[in-house]
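Next come two complexes, and both contain chain A; in the first it sits with chain B, in the second with chain C.
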Partner chain A sequence: MDADNVIETHGARKVFRDFWRRPVVEAVKGLDLTVRRGEVYGLLGPNGSGKSTTIKMLLGLLRPTSGTLCVFGAPPSDTQAKSRIGYLPEVSHLHPFLTPRETLMYYASLFGLGREDARRRTEELLKMVDLDHAADRAVGRFSKGMARRVGLAQALVNAPELLILDEPTSGLDPIGCREVKDLVRLLAKDGVSVLMTSHLLADVEDVCDRVAIMDRGELRAEGRIGELLRQPDAVRFLVAGLDEQAVAALRGTIESRVGHPVQQDYPSMSLEAYFLQVVASDGRLRAFEVAPFLKRQENAGAETRHA
Partner chain B sequence: MLRRMKESLRRMGGVALLATRGAVRAKVVAALLALLAVCVVALPGAVKGDGTPDGDLRILLSYTLGFSFGILCLATLWSACALFAAEIDSSRIQLSVVKPVRPFEFWVGKWLALLAFNAVLLAMVYVTVYAQLQWHLRRNGWTAADCLVSRRVARPLLPSPRESALQQYENLRAQNALPKNLTRREVLRTLEEKEDERYDGINPGESASWRFHLPRPLGNADSVTVRVRFDTEFSTREKVKGVFRLAVPGRTDAAVVVPLEDFTQNEIEFVVDARAFAAAVSADGLRDFELAFHHGGDPKSTAALMLRSRQDVVLLTPGGSFVANLARAALIQGSVLALLAAFGLTLSACFSVPVAAFVATVLLVLTVVANSVVGTISAEDEKQWQNKMGIAVSRTVHWASDHAMRVSPLESVTCGERIEGGVLGECVLWNMVLMPAVFTLLGCAVLRRRELAEGE
Partner chain C sequence: MALALRQLCAIALATWVEAIQQPVALLVQLTAVVMTLLVPVFQLHRFGEEGRLARDSGLSCMLVFGLVLAAGTAGRSVADEIARGTASAAIGKPVARATFLCAKWLGVFGVVAVFWSAVLAATLLSERCSAHFVVQEDFAGYATDPRTLALSLAGVAVGLLVAAARHFFWRRRFGVTAFLGVALSQILVSVLSGFYNRFGQFFAARGESACGCGGEHLHALLDWHPGLNGRVVAAAVLVLLALAVFAALATALATRLQTGAALAVCALALLLGLAGDTFAVNASVLSARGVAAGLLPDVQHFWMCDALANGGRIAWSYVGAVSAYAVTCCAIFLTAGCLSFRGRDLG
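Up next is the complex of A and B:
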């Protein structure tokens, strides 16, 4: 395995069987996938395409029928590899009787963190996901969005090197979506690798470096977003401040050059950007701050200075 | 290494704390406390004793501790059955198993939570019952030294069940009365199983005697209690006349004779002061005794005295305090609960909640039934092929439960019999170390092999 790859799968196949061991469905068919260190990788596909099955195989929750899967060069069941992974499932599956603070302390204990360290990380994460005001209320009474924030926080409690996010923006309002996307970008900038699935193609487009499209268990396309979406024989100019006359003149020049009519449009901002602009006016869109213990580069710098 | 151990302990502690919080917040503990309060506080007010100090206290102890233990057994078993299964069924386990936790740490964490729970609840029950005992004593003006006793038990020196079975086998062979179609091994096993429950009959005009060797010499100020439980021949239910004679073997000057007159309890218990044998004290101290019974009834009558020599005839000598004995009984019960917790957890790793609870309950009932089934298996039963599976299961369950409860702690405490350290150690080793280790291996193997998620 290449040391620069955090995830590698070769011919991964998963066949689900019924009680009598008869094959029911082949959910993943010979998948070859590579996720590199520090990149945000998007796994796209319609329902039943095998995205979640792939993720569950990578986490050791399901065993592949054949093929190999490696995470940090080790099989998914390896505890050393697991200690470097953070996982947010599509449905948060939190214990409803625990408060967010207890939830984070519990998951911190599963990483073997000491009490003080766990407490510090818990408080920083609660602040980061904006749940410090509801830290002592039972999670079972939370809205889906709030539970999602707790789920996200638990995925980060070990300061993971690989973050696996299954539909991370599901159930979140546009502000929450924006924050998650900002967080993903900030973490990636800090060297964290991210593997995420989403039905919301705009989300993937916003944050992913590379994407793979799966359908019926097979990989149909893979590559950098820019490369996949580029139309090599078309060019777009974005110019501000031209009057109608200048636009007509430019258009005439280009048409006479290429010999056929050109398309002309007036770009608009995305609905998400407009929405955020509107709600930002009352100050609800806060400047997103990553929990201090997650800032790997700063922490590394501090450790070097101490040394 | 040390760091890894610390981390492992933290993980187990985290899992245990989660299980504890779940039980407290799901109000399982509150419901359990309410039920135990009914058993320990309300039940003694509803049952009536026989008016004697022994009878009253025996009823109080056996009802309160017996019912509480029964409730705790069921609660432990069913809670354990739900611990893994509910998390797997609700997919909550997925978030935990993707963390660097080994199945062993999960298993032990949950088991420790159940252990801690049971320890606290059992301690509460025993302390409350002891407080009630003291209150009863004070109210009735009874003295604790007479009523709350702990005595060492000496049983007759008899051949081992295996030796007895061999002897009976030889007798049957000599009489040409061995059952057909059964191997020697099968006949010996049946005879050995029945040995403990075998009744000996003492006919009118006949005598029987039993030799004893006390585990410790009897002190001058001590006393020895003789206790014999018996029955008369089942068909006639006639009363028996006779005398018991306790003596130092080979000495005619050191003996006490007590007539058998009272049949209300089908039990005779008499106390003999050690000073009665002062003339016979050897260098080894006063340790060897012989108890004899002579049936003084009409030789023409059929009224035999029936008793099981291995169980019904005992000498009791002072041995420790009642409180220490009560604590030993609590420890044995606690160890049984630990075993049930381990068993339930393993079922929980294998099946869904309802299936695990059903299997656990069936096996619990089988455990209760197996002891009596094994005692009634006849040579004829063994011959029939349709019985073979049932007999094999009953024998296995009986064997396992026999190891789990080498002694009945409640019976020992209520009869004032000291639970010996060796027996206690065997129970604790079997229930809290060996069997949980086997169940841990099984449960962890299942957790490692089982897929804990489903496809899309």
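Up next is the complex of A and C:
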């Protein structure tokens, strides 16, 4: 395995079987995938395309029928490798009777963090995901969005080097989505590798360096977003402050050059940007701050590994 | 090793808190305790020995309700967590599957241990409250102990009220406080009942001991003579060991079966285990009956209720030997559970 790769799969295949061991469905068909250190990798695909199955195989929750999967050069069941991973499942699987504070302390103890260190990280994470006001309420009574925030916090409790996010923005309001995307960008800047799946293509487009598109268990396309989406025979100019006369002159020049009419429009902001602008006027959009212990990625990661 | 131990404790504690919160756990405990306490009220026959019905009923409640609690809790904390995804959330962390499963058993056993202590205290109190033949200066005849019975039932109510108050005023968990509160109330009443005789007279004031030996205790401010049958404790410890074995069996089964199915298999194992010496008599080792007898835990080892009849005692050396048997059974079931869980896909 290349030392620069955090995830490598070769011919990974998963067949689900029934009680009598008869094959029911082949969820993943010979997947070859590589995620490099420090990149944000998006796994896209319609429902049932095998994205979550791939993630679960990478975490050692599902056993591949054939093929090999390596995470940090080790098989997925290796606990040393797992101690460097943060995982946010598609549905936030939380103990309903525990509070967010207890939940984070519980997950911190699974990584072997000392009580004081666990407590400090818990408080920092609760503040980061904006749940410090609800830290002592049972998570079973939380809305889906709030539970998602707890799920996100638990995925970061070990200051992971590889973050696996399965539908991270599912159930979150636009503010939460924006915060998650900000977080992914900030963590990637700090050298954290991210593998994420999402149905919301705009989210993936906003944060991912490379994407792969899966369909019916097969990899259909893979590459850098810019390369995949480029239309080589089209050009777009975005200019501010032109009057009508200048626009008409420019249009005439271009049309005479290409020999056919050109499309002209006035760009509007996205609905998400407009929504956030409206909400920001109420002061609800806070400046997103990554938990301090996550900023010291190198130290925190080493600390966890030695614990 | 230290990390595995820390993970074991963390998962076991979370399992314990989660399980103890379940309304069904409190319901099972309340039913067992109240049923045990009410035996002296509805007792119509002595079965040849004072307090025997209360004692046997208490130990039966301990075994049957304990089995339901152990199998139900194991099912909920393993099978339901696998279905709900909380198991995969933990296994997705650097937690070995064997550590996870053993911690689950430990958490389940913790819940069973609290239940056991509540029912043991209730059994001791129930036996004391049953009609006993008493001879004193001013009285000779059968006497019950309504004060202790009332105190015990009031203890249950107080346990629930305290839990409700803590929940209302301080937002503390009702389930945890109630479950622990009921157990603690019965233990407290057991201790308190040692200060007075079955007529409600304090020993220090009256100057007599509970055993009626006529010793003078006037100089003592408070004299304590537990009028409880300590011989029951050894039989109860054996039942606790049986519950530990069934908790291990249920935990192992829950890696593949749903809660109801695991409970049904445990109930069947209990029945066959109790009848083991009957259906396995003269069975050759290689016959189906012999193999079944070898595989099933011999519950007869754990059910020594009759040994207490007419002042009988269970030797602690026997309890030690049965403990070794129980540990072996637990180890076998948990190993089988770990092997089964190792190959299980967690979707």
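FYI, the second predicted complex is superposed on the first by the 296 of 307 C-alpha atoms of A that agree within 3 Å, B and C clash if a C-alpha of one lies under 4 Å from a C-alpha of the other, contacts with A are read in each partner's own complex, and residues count from 1 in each chain.
Basically, a contact is a pair of C-beta atoms (placed from the backbone, for glycine too) under 8 Å apart; a residue touches a chain by one contact, two chains touch by 3 or more.
Note that this is a predicted model, so its numbers are computed, not measured.
Would chain B and chain C fit next to each other on chain A once aligned, or clash?
Clash: chain B and chain C overlap once superposed on chain A.
Does chain B (first) or chain C (second) touch A:G145, or do both, or does neither?
Neither: A:G145 stays clear of chain B and chain C.
Taking the superposition on A as described, I'd like to know which of chain B and chain C A:V25 touches: first, second, both or neither.
first
First (chain B), second (chain C), both or neither: which does A:D136 touch?
A:D136 contacts chain C only, not chain B.
Name the chain, either chain B or chain C, that contacts more residues of chain A.
On the superposition, B touches more of the residues of chain A.
Which of the two partners, first being chain B and second being chain C, lies in contact with A:G38: first, second, both, or neither?
A:G38 contacts neither chain B nor chain C.
Once the shared chain is lined up, is A:K82 touching chain B (first), chain C (second), both, or neither of them?
both
Do chain B and chain C touch any of the same residues on chain A, and if so, which?
16, 56, 59-63, 79-80, 82-83, 85, 87, 89, 91, 93-95, 97-98, 102, 106-107, 109-112, 154, 158
Taking the touch rule as given, give the residues of chain A at its contact with chain B in the complex, in rising order.
Where chain A meets chain B, its residues are 14, 16, 25, 27, 47-48, 50-53, 56, 59-63, 79-80, 82-83, 85, 87, 89, 91, 93-95, 97-98, 102, 105-114, 138, 154, 158.
Provide the residue numbers of chain A that touch chain C in the complex, in ascending order.
Of all residues in chain A, those touching chain C are 16, 56, 59-63, 79-80, 82-83, 85, 87, 89, 91, 93-95, 97-98, 102, 106-107, 109-112, 136, 154, 158, 307.
Name, in rising order, each residue of chain B that touches chain A in their complex.
Per the touch definition, chain B meets chain A at residues 6-8, 10-11, 13-15, 17-18, 21-22, 25-26, 90-92, 94-102, 451-453, 455-456.
For chain C, which residues are in contact with chain A within the complex?
Within the complex, chain C contacts chain A at residues 2-3, 6-7, 9-11, 14, 17-18, 21, 84-86, 88-96, 171, 173, 175, 343, 345-347.
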